[in-house]
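Both complexes shown next keep chain A, but they swap its partner, so chain B is in the first and chain C is in the second.
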Partner chain A sequence: MRRTRIWALVAMALSAAVALTAASAAQPIEAGEAPGVLVSRQLMESRALGIGDLVRLSADPTGGRSRTFRILGAYEPTPDPMRFAQPALEARLHLPDLLALSGNPSDPSASDTVSSINVALVNPADADAFARDVSTRLPGTVARPTSAPDDRAGTFLVIERFHLAIASVTMLGSAVFLLALMMMLVDERSDVVGTLRLIGFTRRRILMQVLAEGTCIAAVGTAFGIGFALIMQGAFNRFFQWRYDTALVFLRITPGVVAQSILLALPLGIAASAIASWTLLRRHPLALVRR
Partner chain B sequence: MLRVLRLAWLTSVRQPGRTSIGVLGVVAVGALLFDMLLLSRGLVLSFRDLLDRAGFDVRVLATDAAPFTGPRIVEADAVAAAIAALPQVEAVVPVSIREADIVSETAASQPPGRVQFIAADPQARPMWTLVDGRDLSAGAGANPPLVVNRTVADRLSLSPGSTLTLRGACGPDGSVLPPVAFAIVGVAGFPFDDAAAQTVAGRLSDIGRLCEGGMELGVDMLLVRSNQREGAGRAAAAIQALLPPLHVVTNEELVERFSRVQFSYFRQISFVLATVTLFFGFLLITVLLTASVNQRLGEIAALRAVGLSRTRVVAGVLCESVMMVGAGAILAVPVGLVLSVWLDDILRALPGIPSDVHFFVFEGRTLVAYTWLLGAASVGAALYPMRIVATLPIAATLRREVVG
Partner chain C sequence: MTQPPIVEARHVSRVFPMAAAPVTALSDVSIRIEAGEYVAVVGPSGCGKSTLLHILGCVDVPTSGDVLVQDRNVGSLSDAERSRLRLREIGFVFQRFFLLPMLTAWENVELPQAEAGVARLDRRRRTAELLEYVGLASRAAHRPSELSGGEMQRVAIARALANRPRLLLADEPTGELDQRTGGHIITLLDRLHEDGTAVVVVTHDVAVAACAHRLLTMRDGQIVEGSS
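This part shows the complex of A and B:
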């Protein structure tokens, strides 16, 4: 039922734990049969490394017990929203190389020790039962399904809630702005509205006309707003990707977001037109034409 | 000047609907702007306050890795003694943090509850605040003393006098260590705890009972209180000169590092939102004032014709803008404060955030920045309508009004 697989490649953060020295450093590096290593693009750039370079890696901050590796390639690290503000200075080693580098030489079991094991189940639906089974049979180990909620999910739920709250306040401000604009738009044409009332147009008919106009304005405004957001999306992402040197996408306008915007903006625009025109239509036609 | 203000006031109250909407718009915009200013430095201020509250202003680590994630300081006693001998230093406290599993509550089918064990010198001033019982320095008889946080005390129904058995989760390669029984002597609040944190504190000398190797493996950090005359900077420099391989960092430097890396997201988001909000407010006032002036062109031309100077009429428009923004800005401060409490509650639910940390923190300079920004927006928003009034052709406008 269970098929256990230890990933051959382990990503290891090198910024703090592993000292890295380029071939150009003072101490010469013997090439020999140097094992291969992949280096993140950010680390390649920050240390001016190139493919084929020999580097020395060590798990000791003093640089002791270092081993020589040859850079076989560069990779773009999988963007991690939890660590986007930290430079992705990392490398990928073959698991035996990493264990040989980081293990305690006086401890024979160190070369057989890993921090975690990824398990692919034949039936992913059994994940919960499997995790419980492992915890019972192997005391001291922690087994959890990858779909289990963790701190990461909680973090993004909170951030989403915060952005929703900010959006609500912004919507309130926008609604006031819209109302002010529509009131002025209608008010500027009080003469025309007054004249129309005097020649027999009913309040209902004028209201419908203003509503139709408000709908058109709201539709154009919504389309413009969505278009502007789509244009800004690229600029926003490019700025933050440059700022944090990451491939992470910070802003994505999905069809759902567009639909949400339309559902909010159109009714708000129409409601603002209705309120603004109603305040005008309540007045006497003679007052509207200032007579 | 008073006449100009009176003219602006009368113009504003003559159009109560429009003025109200303008003020309401500024309240919404101003509240959001105020909150974004609070957010821009709130986390940094709160974090600095948290660090300062511990009573130590310099931290000594083995490397520049984040605290408790890097290698430990070995021969900590000798290092601490050397640092304590410096004239710039008032006190040194070695601190280590280990993880331990709660043994007494462990059921076979469930993973044990895990606590963070802070080991510190019991004679030094504690970095936690005692809320019940006694501190570690008082001792506990046969079993080593332990102070627990409120979460652990409530969850396990512990109080001073109870016993808690822990098993160190710090054995080499995850090996199972023997359990150790501790006597609870007190319940305390730990400054860096989040709402769900399970933290306990014991004597540094007891870490050897909990974890193999104990003190020989070194301590995570040395907390240093600088001599008040010398200050943290000089103390840090003296320690660095004495022990060059160690990483010495002051609270200021730690805060600066965190604000540059870990906290930068909220600074960026607050900058973007503050800019958008301010532009929005500027646009709102410009549109309202322009429309108001356009509707009163005949009236303004008549005032000019009867002798009001151009400067006075233009100043009236400026005053109108300042009054509208001013009224909105004043009302926006309490609204913003209430809003910030709500937003702060949302963000403080982030996992791992200490309970005492706040994202929105008020300081005097926030109010100054807020006043300057809205003041500039009110002046900027008035520029276009002021230009309309300043360049208004009196005779042509009056004629158009009469003919219209």
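This part shows the complex of A and C:
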């Protein structure tokens, strides 16, 4: 098995980041011995740091018990939808360095408080089996694949239900609006339909024509809606990624979403035109032209 | 007569069920229209002339009695079959023209032929011939809104003749026209009759009535004179 390199993640609050200062020349440091650290892109940018710079890190907001590190590189933090509104001012340390930095010398056991670690598997499909294995071998630990729903997703379940409710109301409202619009359009054409019936066009023939038109309009409308959503998706994501300086994807039009839209929009559009035209066709042709 | 009548109504009544009280527009009307006949229907307003014409033209169906078009009982036909009959066997001209406003004169005349499945080339020939016949060859590309009342009615007549019906029904075709333009329409109906089409025209116009070979007078939903 490939040796998994575990980086501990220190999520530094803004106050902690303030304690971080670039090493000044006045303090002689054994540069060769400074352990390496990775700094998030956002922290690099906000403090104008560069690779090779020496920095002091401290777990204490006042800057006490600081240690010197050398920046070996920058990384893009994994976007976290729970924390996207906070600037990702973070650094990654090797676990022993982190323990040395955050531990309490007077209480060695207190330093050993890593609450969670992420393990990358060569084959992600093994995650379930691995988690089960860990759970049986280390009773008391909670091991679960990152793909499994975690309790933090509860918020998103609520949001999703909220979205579903908004979507349903929107669909219902627009379907009613569409039907009303079709009724108006069709009503305007009542003279035409009446005349066609008088000439000798059958109901079925006119209904077919209206359905064909309705299908075309619904198809064009659906394509327009999907195209608009795809364009807005890019604009929307770019704006909020800029706004919150994150790689998080806020909006994603998946094939499933597209399929769902088509399955809703096409039948609704066709049904609206069918219902609207039937309100005319069921009437006597003379009643249609007489108004 | 050896030939069957083009259309025949037997003891036809038409009652409109209104909220206040049912209106009897026709009561027990019987009439035969033979091939090539020229019939004018006159009578006071509201006596049932239009209703009779609608029933003869398969636009409406009687409440009781039978209508036979070329020996077929219209009452036993479906709505679609009656539509086919209107399309192919009967031409109808209305007082208010009922042209399709978004189509040109040419397209209005071509439409019933296309619906009847006439081949494109035959359609083109027939449409040109009909517009020529009604004297509107030069107005083929004009929409109804660009035509005068008389011209619109001539387009409507051309359209009614599109599928070579043996019967033309016209409901006050000169009703919305001044005397001179009305005169054109009368001449046209005359010529049509001479060419062998049976014509039934509802009119208030004595000039139109004078051209016809048979005059039917109606009153209160019944034919009081000329029925035979």
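Heads up, the rule we're going with is that the second predicted complex is superposed on the first by the 220 of 291 C-alpha atoms of A that agree within 3 Å, B and C clash if a C-alpha of one lies under 4 Å from a C-alpha of the other, contacts with A are read in each partner's own complex, and residues count from 1 in each chain.
One rule holds in what follows: contacts are C-beta pairs under 8 Å (C-beta built on N, C-alpha and C of every residue); 3 or more make two chains touch, one makes a residue touch a chain.
Please read all numbers here as calculations on a predicted model, not as lab measurements.
In the superposition on chain A, A:285 makes contact with chain C only, not with chain B.
Of the two partner chains placed around the shared chain by superposition, chain C is the only one that A:204 touches, whereas chain B remains out of contact.
In the superposed model, more residues of chain A are touched by B than by the other of chain B and chain C. Applying the stated contact rule after C-alpha superposition, one finds that A:255 touches neither chain B nor chain C.
In the superposition on chain A, contact is made by A:169 with chain B only, not with chain C. When the two complexes are overlaid on their common chain A, residue A:64 makes contact with neither chain B nor chain C.
Once the two complexes are overlaid on chain A, none of the chain A residues touched by chain B in the first is touched by chain C in the second.
Those residues of chain A that touch chain B in the shared complex are 16-17, 61-62, 84-86, 104, 107, 109-110, 113, 132, 135-136, 139-142, 151, 154-155, 158-159, 161-162, 165-166, 169-170, 172-174, 176-177, 179-181, 183-184, 187-188, 240, 243, 279.
Interface of chain B with chain A (complex): residues 17-18, 21-22, 24-25, 28-29, 31-32, 62-66, 69-71, 108-111, 172-174, 176, 245, 261-262, 264-265, 268, 273, 277, 280, 283-284, 287-288, 291, 294-295, 339, 342-343, 346-347, 349-352. Across the complex, chain C meets chain A through its residues 54, 59-60, 79-80, 83-88, 92, 94, 96, 98-102, 111-112, 115-116, 159. The touching residues of chain A, counted against chain C in their complex, run 191-192, 194-205, 284-286, 289.
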